[in-house]
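Two complexes come next, and they have one chain in common, chain A, joined by chain B in the first and chain C in the second.
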Partner chain A sequence: MQRRGEVLLLLGPCVLYLVAFSVYPLVTSLFRSFEDYNSQQNTWRWIGLGNYRQLFSDTEFWHTVEHTAFLTFGGVALQVVLGTALALFFNQRLRGATLVRGLVILPMLLTPVVVGLMWRALLNPDWGMLNWLATQVGFHNVQWLTDPSMALRTLILVDTWQWTPFVFVVVFARLQALPVDVFEAGEVDGATWFKRLRYLTLPLLMPAIAFAAIFRGIDAFRTFDLVYGLTNGGPVRSTSTLSFQAFQNGFQYFHYGYASAIAYVMVIVAIVGVTVMLRFVRVRREDI
Partner chain B sequence: MTDSIDSRDSATMEAIDGLVTGQLTRQDFMKRAALLGFSASAIGSMLAAAGKASAADSRLYAGKTVNILIAAEGDDLGVKDKVGEIQKRFGINLKYTALAVGPLIEKANQNLKAPTSSFDAIMVLGFSVAQMVGGGYFAPLNSRLGKVPAGYDFPHDFPSGELQYVGYFDTKKGAFGGKTLYLIPGLHGGSVIVFFRKDLFASAGLKPPTTWAGYLTAAQKLNTGGVAGNSLIAKSGDVSMFLVDWFTRFINQPGALLMSGTPQAKNYTPRLTSPQAVAALDHMVSCVKFASPGVLSYDFTASNDAFAAGKTAMMLLWSTIGGPVYNPKSSTVAGKVAVAVPPGGGKAVRGGWGMGIPKNAKNKDAAWTVITYLTSKEWEKYQTLKYQTDPTRNSTFFNPALAKKLPYLPVAGKVFQKAQILQIANIPETFEMIGAAAEEFAAALSGSSSAADACKKANDRWVGILQKGGHLK
Partner chain C sequence: MSAHTVGRIVSYVVLVLIGLVALAPFVFLLIISFKSRIDVLEVPPSLHFSTAQIRENYSQVINDKGFLTFIKNSVIVTGVATLIALGLGIPAGYAFSRLKFRASGHWASTILSFRFMPPVAVAIPIYLMIRDLGLVNSYLGLILPYVAFSLPLVVWIMIGFFDEIPREIDDAALVDGCSRASALFRVLLPLARPGMMVAATFGVIFIWNEFLVGLYIVNSSSRETIPIAASALLTVESPIDWNLAAATGILTVIPVLLFSLFVQRYIVRGITAGAVR
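This part shows the complex of A and B:
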């Protein structure tokens, strides 16, 4: 009895917190996704699957899905490759590496919306530093953020700039903890640097890489703040992500029901995506 | 009383107003009243009445806190300056929250729909009047008009078009105008005018453009020597791109009509594929060629900053935003600027804000005192002169003393008087529609679509939004 009381006392606040801030909003937004909100009359009307029907028949929604997928898979792939490469590079224990390592992880410490605003200034075609450098070496002004065919790539580049350090930190930490004897045995057996990398380092790093990729994948999938700060979804909605579309519909146009439907599609995709990824890549608890 | 005070006698009213508001000392007032021919007893009565009025006001609200939500578009600076004055004069502790348009609308909506609003007075943008006032969230002000400061001059001093837009609203019909007053125009108004560099125009032998062809020719001719011939608000999705650049080009063409039908009849149909609509966008596409390479990222701030830095020869802009280009502290071209009405007919979209009291506000009476102060001649004159936001009152727009210091004011006032309410401003989806059009138009400006295709796409999106909102079957 006393034990039960202790359990309630210890778990109670957490459960209450979860119910208030996760379960309740989740259930409420599910109901809202079946309703239509009239902002003028402040009323809700039950429309069943109306929001979902409209969503799936909206070509713009599918464009947004494409952008989100491109940002998630393209961006994360780039970050995993660069982050792992950086980790391997810094594992060489070069002189001054500690200082440079500290600098490398700095972008990760910034708020994404600030990163967006900062890069918007850097990429400004009139007075941004990047275009100034480009013109100094004979290139034309690059429309990084105003050309619809270029903006999503720019978004991925900025996202990569900010989040490659995260992959680096995770992979580097794992790299430091790898058993030395395996590599010594490989070296004794005459394995070249490339073979050691291919058959020893990368397989041993895979759980950490998978963890970083899944974590970053979820994060990239719900990207909102960087889009808000850098492109505001433009030009011509070419960088609009699912989160941004949900925000726009909910908080700018007051289509709360429709925005909830988008959010629920995201929740389902995220659950399915993570489950599938975890099935393919087994991450043991002790590997993380 | 032998000396009857004629309410039309502006000099007398101004003197009384000055006394009540504290702009004139008692001695100055007596001198002026004597010059106006008032007897000693009349002056004494007026002094006593004015004294009673301000003392009574001060006692009534002593210690009350009034929270207001205002736009962070320069008005906040003038409000901040006068917090102490409001405290001294009315005993009201004024607290203000100043936000940009988007966050302000979000915050206002949250408060209007809450059981009690945190704000006792809220500034409402014209384009959100249909949603906020039309939703029945604001208290009628008609009965309060009996209690305004001396010389408030309502409604005569406000352009009738602005009163129809950010003043009166018919909530039953969901239409601007009507007999119920919900907002007082303010804290700033404005429309769209052409700002140009008179020195560059003179050296190129050009006159301010009166036609859109002339505008383009001037832009082309002036696009030399590191100065862009013109600038536009060309940022994708920016509502000012639609309202300032596209709509001004559109509405000044013969036969331009944005919509047909009415929302009530559920046949509200967009006409964005009309020749006038496509021509307006085509003109913008041509103007981009004679603008800065970064013009596609320009919002109104960037456009204004480029002009103020001397990098642009000409621009269309909200008059309330462009005013500071005349200010030597914020502009390198302060002495070289002139303004003109928009080419083709001098028409532009009606902009502006109104200030009202939410139905669920706690301190309605004290809020009314604050509103009447912040929309008074006194505050508006102070604000316009110091921060160059556009006024809403005729007496400020056409004040000769102000015009000497801010020469753009009479031109801005002229356009403001005949500015047109955007046809789609009477439905809650206004912002969504404007944003959608500005997104599609950006495709044409960046060269990834033709003007006709962009207009067609924008039109299709408008149809979708109108159908969803129940305004079109």
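This part shows the complex of A and C:
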């Protein structure tokens, strides 16, 4: 009995707080996704699966799904490759590497909206630094943010600049924790650098890489701030993500019910992602 | 030159390039922020700056746009919300690490999974809640949801750190007649201080940057936090005064930069414990 009192005392406030400010809003959203909001009269009307039916037959929604998937899989794949390469690179202990490592981590601490602002300046077609560099080495002016077929790739580029450091930190920490003698044995056996990487280092790093990829994937899936700051979903909605579409429907067009339906599709996907991820995360020591 | 030396040189060139890619956007922003509105358009930007222009730009952002108010708002909201999150999250982390109860692992995973919920899924109900509570445009209106957003992270990090402290230590304290609560506060918390620093660091980063939910809770510049103010700059004023936008960007980067210098080791520990943002 005393045990139960202790649990309630220590855990109760935290759980109650989350129920009030996370569970309750989440459940409310679920109900709202079955309703239609009338912004003139501020009334809600139950329409069952109406929002979902409308959603799944909306080509714009499917385009948004495509963008989000491209950002989630393409972007994260790029970040995983670059981040792992960075980790391997920094593992060779160069002089001055610690300083550069500090710089590399900086982007992911920044407010995404400000990152968007910063890159809008860099990518400006008329006076941005990146186009100046591109023309210097013989490329044409690139319409980074104004060409609908380019903008999503640009978004991924900026996302990669900001979040590759995350993969790097996770993989690098794992790399540093690996036993050195395994590698020395590999070297003595005369295995080439590539063979050691392929058969020794990468398999040992795999749990960290998988964890970083899934963690990053769930975050990339929810991308909102960067879209807001960099492209505002445009041009012609070519960079609209699910979060952004839900946001626009909810806060700009006052289609609260429809927005909640989009958000709930996201929640379902996120739950699947988190379930997969939790296989890679040790929540408590006893769980392993 | 031996192959080894060549390899070294290549490595250093790559190292410098990596540093440049990470840093160049900041440098460009800094240069732009020193220019007049017209000179921004110059390609490549000349590196002659006038102190008067620099002072003019930054004083416009700081004095006329009230940047110091945004910093003050961000500091208050972030500070209070982080402290509340720690206050709620530390005991919870301790309970998960030390007490055995039914389905505790399941509970822990559930709390943790809130870290990954898309904010848009709760943004609208939270906005309506805050509106009904009459807390629109108040610090509390931002603090209440921000605590909930950072809490799962704090619990998660604290479980990890409590797990690293041998159980024998609190058993000894309990045998000596401490209650659970005093064992936690007197004996374990001092030992878990690095964990608290990591949890606080991530709470701060997360709350400092939050923007989607705050955007509609706050609509007067007297309560706007830095990200919200920065976003207003992007959307409201078109065409953008890029020199001032850049100065705003630089001013938002500086606190983050200073903060990261002090907490870098906690950041690395926190991320490897599975936490960021």
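We adopt the following convention: the second predicted complex is superposed on the first by the 267 of 288 C-alpha atoms of A that agree within 3 Å, B and C clash if a C-alpha of one lies under 4 Å from a C-alpha of the other, contacts with A are read in each partner's own complex, and residues count from 1 in each chain.
Note that in this section a residue touches a chain if its C-beta (ideal position, glycine included) is under 8 Å from a C-beta of that chain, and two chains touch if they have at least 3 such contacts.
Everything numeric in this text was worked out from a predicted model, so none of it was measured.
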First, second, both or neither for A:S39, with chain B first and chain C second: first
First, second, both or neither for A:V104, with chain B first and chain C second: second
First (chain B), second (chain C), both or neither touched by A:N232: both
Partner chain(s) touched by A:N91 [first = chain B, second = chain C, both, neither]: neither
Touched partner set for A:F251, first chain B, second chain C, both or neither: both
Which of chain B and chain C A:S149 touches, first, second, both or neither: first
Touched chain A residues, chain B compared with chain C: C
First, second, both or neither for A:D126, with chain B first and chain C second: both
Touching both chain B and chain C, residues of chain A: 120, 124, 126-127, 232, 251
Contacting residues of chain B [partner chain A, same complex]: 102, 106, 109, 113, 130-131, 134-135, 174, 235-237, 292-294, 296-297, 306, 311, 428-429, 431-432, 435, 439-440, 442-443, 446, 448-449, 468
Touching residues on chain A, where the partner in the complex is chain B: 39-42, 54, 120, 124-127, 141, 143, 145-149, 232-237, 251-255
Contact footprint of chain C on chain A as seen in their complex: 3-4, 6-7, 9-11, 13-15, 17-18, 20-22, 24-26, 28-29, 32, 86, 89, 92, 94, 96-97, 99-100, 102-114, 116-122, 124, 126-127, 129, 132, 161, 165-166, 169-170, 173-174, 211, 215, 218-219, 221-222, 224-225, 228-229, 232, 242-243, 246-247, 250-251, 256, 259-260, 262-264, 266-267, 270-271, 273-274, 277-278, 281, 283-287
In the complex, chain C residues that touch chain A: 11-12, 14-15, 18-19, 21-26, 28-29, 32, 40-45, 88-89, 91-92, 94-97, 99, 101, 104-105, 107-109, 111-114, 116-127, 129, 144-145, 147-148, 151-152, 155-156, 159, 163, 180-181, 184, 205, 208-209, 211-212, 215-216, 226-227, 230-231, 233-235, 242, 245-246, 248-249, 252-253, 256-257, 259-260, 264, 267-268, 271-272, 274, 276-277
